[in-house]
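Paired with chain B in one complex and with chain C in the other, chain A is shared by the two complexes that follow.
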Partner chain A sequence: MIKLSSDPSIEIHDMTVSYNRKPVLWGVDISLPKNQIISIVGPNGAGKSTLLKSIMGLIEIDSGYIKIFDKSLNEIRHKVSYVPQRESVDWDFPASVYDIVMMGRYQYMGLFRRASKKDKEIVLDSMEKLSIASLKNRQISQLSGGQQQRVFLARALAQQADIYFMDEPFSAIDISTENAIIELFKEMVKLNKTIIVVHHDIYSVKNYFDWTVMLNMRIIASGPTNQVLNAENFKETYGSHLNILTEVSNIVKKERIPIREKKLYKKKK
Partner chain B sequence: MDIINLIYRDVTIIYITLGIVLLAASSSIVGSFFMFEKKSLVGDAIAHSMLPGLCLGFLFIGNKNPIYLISGAFITGFISMILIDFISSNSKLKIETSTSICLSIFFGMGILLLSITQNSGTANQAGLQHFLFGKAASLLMNDVINICILSSFIILCVILFFKEFRLITFDKVFAKTIGFPVKVLTFILNFLIILSITIGVQSVGVVLMSAMLITPAAGARFWTNNLYKMIFIAANFAIFSGIFGAFVSYTINQMPTGPCIVVFMSILAFFSFLFSPYKGIIKVFWKRYTYKIRIEKENILKFFYEVGINNKDFNHIISFKNIKTNFSFISNNKLQRRLNTLVKSGFLYYLGSKRWKLTESGKHMGAYILKLHCLWEAYLTKYLNIKPCHVHEDAESIEHILTPELEQELISLVGKEFPDSEFYDKNR
Partner chain C sequence: MEGFWIILVAILVSLNNSLIGSFLVLRKSTMMADAISHAVLPGIVISYLLTKSVSSIYVIMGATASGILAIFLIGFFNKTAKLQIDASIGIVFTFLFAIGVILISLYTQKADLDQECVLYGEIVYIPLNLIITKNGLILGPKSFYILLFILILNLSFIIIYYRYLHITSFDESFASTTGINIALWNYLILILTALTTVASFESVGTILVLSFISIPTASAYLICKGLKSILLLSSLLGITSAVLGYHVANFLNLPIPGCMSMIAGGVFIICFIISKVNLNKF
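Up next, the complex of A and B:
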């Protein structure tokens, strides 16, 4: 079941994406509502992270288009925040918690400029909300996994965006922190923010999220969580009858065929 | 005094040293970022790849006009960098493979061209081999002025782009999502790297130039966790090595500058590696050693206490032979030393003829260690569902590292089920 939203925060139309030349998302066609906490679930290798990365323009898409608040990403970049996976950076980098959270303000500072008083206030406030203000001057190499995750979330908060895309924000954190972060998300939704989260724990989806997207190389379901979360969708997402799609993907990768034929001609131009 | 007089009399060494110092400072500053980009080896490849450019510059012009030589070096260094990226992103070869391919191919071509120029018979070619290991003494006033201008330019750029460079070396993906021109910034950083290598090849040489980029940063990393401070320390390491390297090379005939500077840098880096109070290797070993001694002492006290429990007499006297049967893995000598220190710190009485018994504070200590041991065993059985027969060994090591705070937490968790808590409290 793919339910469309009448007043969407994000609209993805017929999107196909390859990662390392291997097609991982086929014909994604969804629209997601505003002011909700939304989860994207699916098994390993289903393309959850790839979906977020394509939305953020980090991966070139093979076909289709993406609109956020009815605009292209470049037009409203400062309204969009992205939280990468915690493991994507080297936490041995010499920087303090404050330095990293301040990076959330860089987009407002522009080149060559330094942090203003307002920037500093927002950074402190963001750290406060994730209860890491006491770690302000702590070196990031000395943080636990959960603290690192909260540093990334604080950085996102400091961006003061309207829509947040988060890749596995609940990995490596304990249940009480998870609850605190969900409470924070609920507060943010009240302030007209939209939060889209790649989530790995299918059991907590029901309690945490208003809307759920089930994904396994293609969209299996998208809609209000209580309508989407049923045995049939579950079986289709996590079941293994997708062999044909996987095998075709492997051939495309091996033979170096672009997934859309027009791409063959683009290069010649 | 002779040496000092020599320095003051000779103006040349002063301006050459100034050039080297600025060069060393600028390359170590920009090299620090390169190290965090995990491209240390790429820097080495770029430097080696400059040799064919230098030789081609000479072959085209026929004299050693630095502008042409330096331009040639810059161009081949740049091509090499592009090629490394191109090969690793368009083939199955990983970055380290493409780096070593480019390094060896370009350097091989460079050596070949160097041989050709040396056999060409023109008198001008003399001194071209200095580009291998560098000869600061061959720098002219003009060269030094060029080095000063370009080094200052590099340092200025890093100051201007500090925030941006920090962001792209820490988290490129995030930088892209907030709309930073990551490609342009990466290009600027790479450009500054190549520029600093280029201006260094004449005085330091292509073979060792990459050490100027990476060694100071690697050494400085041991002293601080703050990027500003780290770069500041790296620059100071570089300046210090630059001054001494240039001086030694200038005063000793036939001594190339590059190796001199690198030797001083390596000494500093090695010193940091050994003696840093945070992560230095000696500190780590010392910690491990003192920990081992502490464990041995605690185990001896625990043994005394356990014997006391078994005999229902904490003043029970134990002979060396008895102790030794329980600590057969510790040599007699060491065991004797541990017992002596325990006597000195007032945990044991020595009764003569190799016999000891517990003091009052020794009793407390023994009871405390046994308490921690039992607490951990109780915790493992209750909360981790580990079979009672398996928990002993684990507790043997954990008993030594539990802090008072953790102890309180454990007591509140397992306190009620803790079988002998009253007994241990009574004896503390």
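Up next, the complex of A and C:
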């Protein structure tokens, strides 16, 4: 079941993405609502992170288009915030917690403007919301995994965006912190923010998220959580380990079947 | 007076290399500097063969061109051929370096361009290559002015684009989502690395340049808390090693660049011990 939203925060049409000539996402066609907490779930290798990275322009897409608030990413970058996976950076980098959260303000500060009183207040406020204000001057190399994750979330808050894309924000976080962060998300939604989270714990989806996208190389289901969480969708998402699309992907790569319609189009010109 | 110029040139070499080296170490691309410093060899030889002069501006241009060629070749093998970055580096720089070595032994046997000079540097001869005005005024060694120019370039680049460099060095994907072109900044840093290495090879040789790039920064990295303090301390440690190294070399009658690198190594060991004893960083 793929339910479309009439007033979407993000709209993806017919998007195909591949890694190293091997398609990992097929014909993604979804529109997600505004002001909700949305989860993207699916097994390992289902393309959850790839979906976020494509939306954030970190991976080139082969076909289709993505619109955020009916605009392209470049037009509204300052309204969009991205929380990468915690493991994607080197936490031995010489910086304090404050330094990293302040990076969330760089977009507003440009190259030369010094951090204003307002920037500093926003940074402190973001750290307080994630209860890491006491770690302000701590070296990031001395943080636990859960604290690192909260630094990333605080940096995202400091960006003061309207839509947040988070890749596994609950990894390495204990259950009480997880609850506190979900409460924080709920408050953000009240302030008209939209939060899209790649999530791996299928058991907590029902309690945490208003809307759920179930993904396994293609969209299995997208809709209000209580409507999409059913046995049939589960079976289709997590069921067979090696589904037919994986096999097709392998064939596409092996036979060198063209997947980049854009490049073909250019050649014809 | 000659000692004065040698020390001054050595200080400029270490400053340039420490500054650009700080970013290379943090971006884990120190070996790119090694690759570039070796890959400049064919450029040096070819422009020498064309102009018959070791110290002309064309040699610098040729060297920079082949350094930049190496950067793009490594990027090409890494991205397009999906070869790991260290393998790409290994293939490209040894290949270019070999071309340089072969060209030297083929064409330049009777000339004053020898492998030793390019590989190990001749900082002692720096004061001999002077800029003299038409009315006989001696302005000082050519290398001094070239290095000074590169230092101004490096410094203004780092000061103006500090925030971009900071954010892209820590978290590339986040930086990219805020609209910063990651590939562009990566290439700009590497191009500055190429210019720095080219300006330095005459003094300290293409092999020891890497020690000027990596050792002061690595030492500072062990005991510093932030990027700004790393930039400052690595510059300071670089200058210290250059000055001390020069005096030790003079005193013991040893090659100057080698002594500078050795002192830098000693400083690194001291910093390592400090970092183990004192856990409060600066």
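Assume the second predicted complex is superposed on the first by the 249 of 269 C-alpha atoms of A that agree within 3 Å, B and C clash if a C-alpha of one lies under 4 Å from a C-alpha of the other, contacts with A are read in each partner's own complex, and residues count from 1 in each chain.
We adopt the following convention: a contact is a pair of C-beta atoms (placed from the backbone, for glycine too) under 8 Å apart; a residue touches a chain by one contact, two chains touch by 3 or more.
All values reported here derive from a predicted model rather than from experimental measurement.
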Three-chain arrangement built on chain A, chain B and chain C clash or fit: clash
Mind working out whether A:5 is in touch with chain B, chain C, both or neither, as first, second, both or neither? neither
Let me test your reading of the model: by the given contact rule, A:160 touches which partner, first (chain B), second (chain C), both or neither? neither
Which partner does A:20 contact after superposing on A: first (chain B), second (chain C), both, neither? second
So, A:177: does it touch chain B (first), chain C (second), both, or neither? neither
Who does A:74 touch here: chain B (first), chain C (second), both, or neither? both
Does chain B (first) or chain C (second) touch A:89, or do both, or does neither? both
Just chain B (first), just chain C (second), both, or neither: which does A:106 touch? both
On chain A, what residues does chain B touch that chain C touches as well? 56-58, 74, 77, 80-82, 84, 88-90, 93-96, 99-100, 103, 106-107, 109, 111, 139, 155
Hey, which residues of chain C end up touching chain A in the complex? 26, 28, 82, 160-164, 166-167, 169-171, 173-174, 176-179, 221, 224-227, 229-230, 281
Partner chain C, residues of chain A touching it in the complex: 20, 53, 56-58, 74, 77, 80-82, 84, 88-90, 93-96, 99-100, 103, 106-107, 109, 111, 139, 155
Counting only contacts in the complex, chain B reaches chain A at residues 36, 160-161, 163-164, 166-167, 169-171, 173-174, 176-180, 221, 224-227, 230
Of all residues in chain A, which touch chain B in the complex? 56-58, 74, 77-78, 80-82, 84, 88-90, 93-96, 99-100, 103, 106-107, 109, 111-112, 114, 139, 141, 155, 159
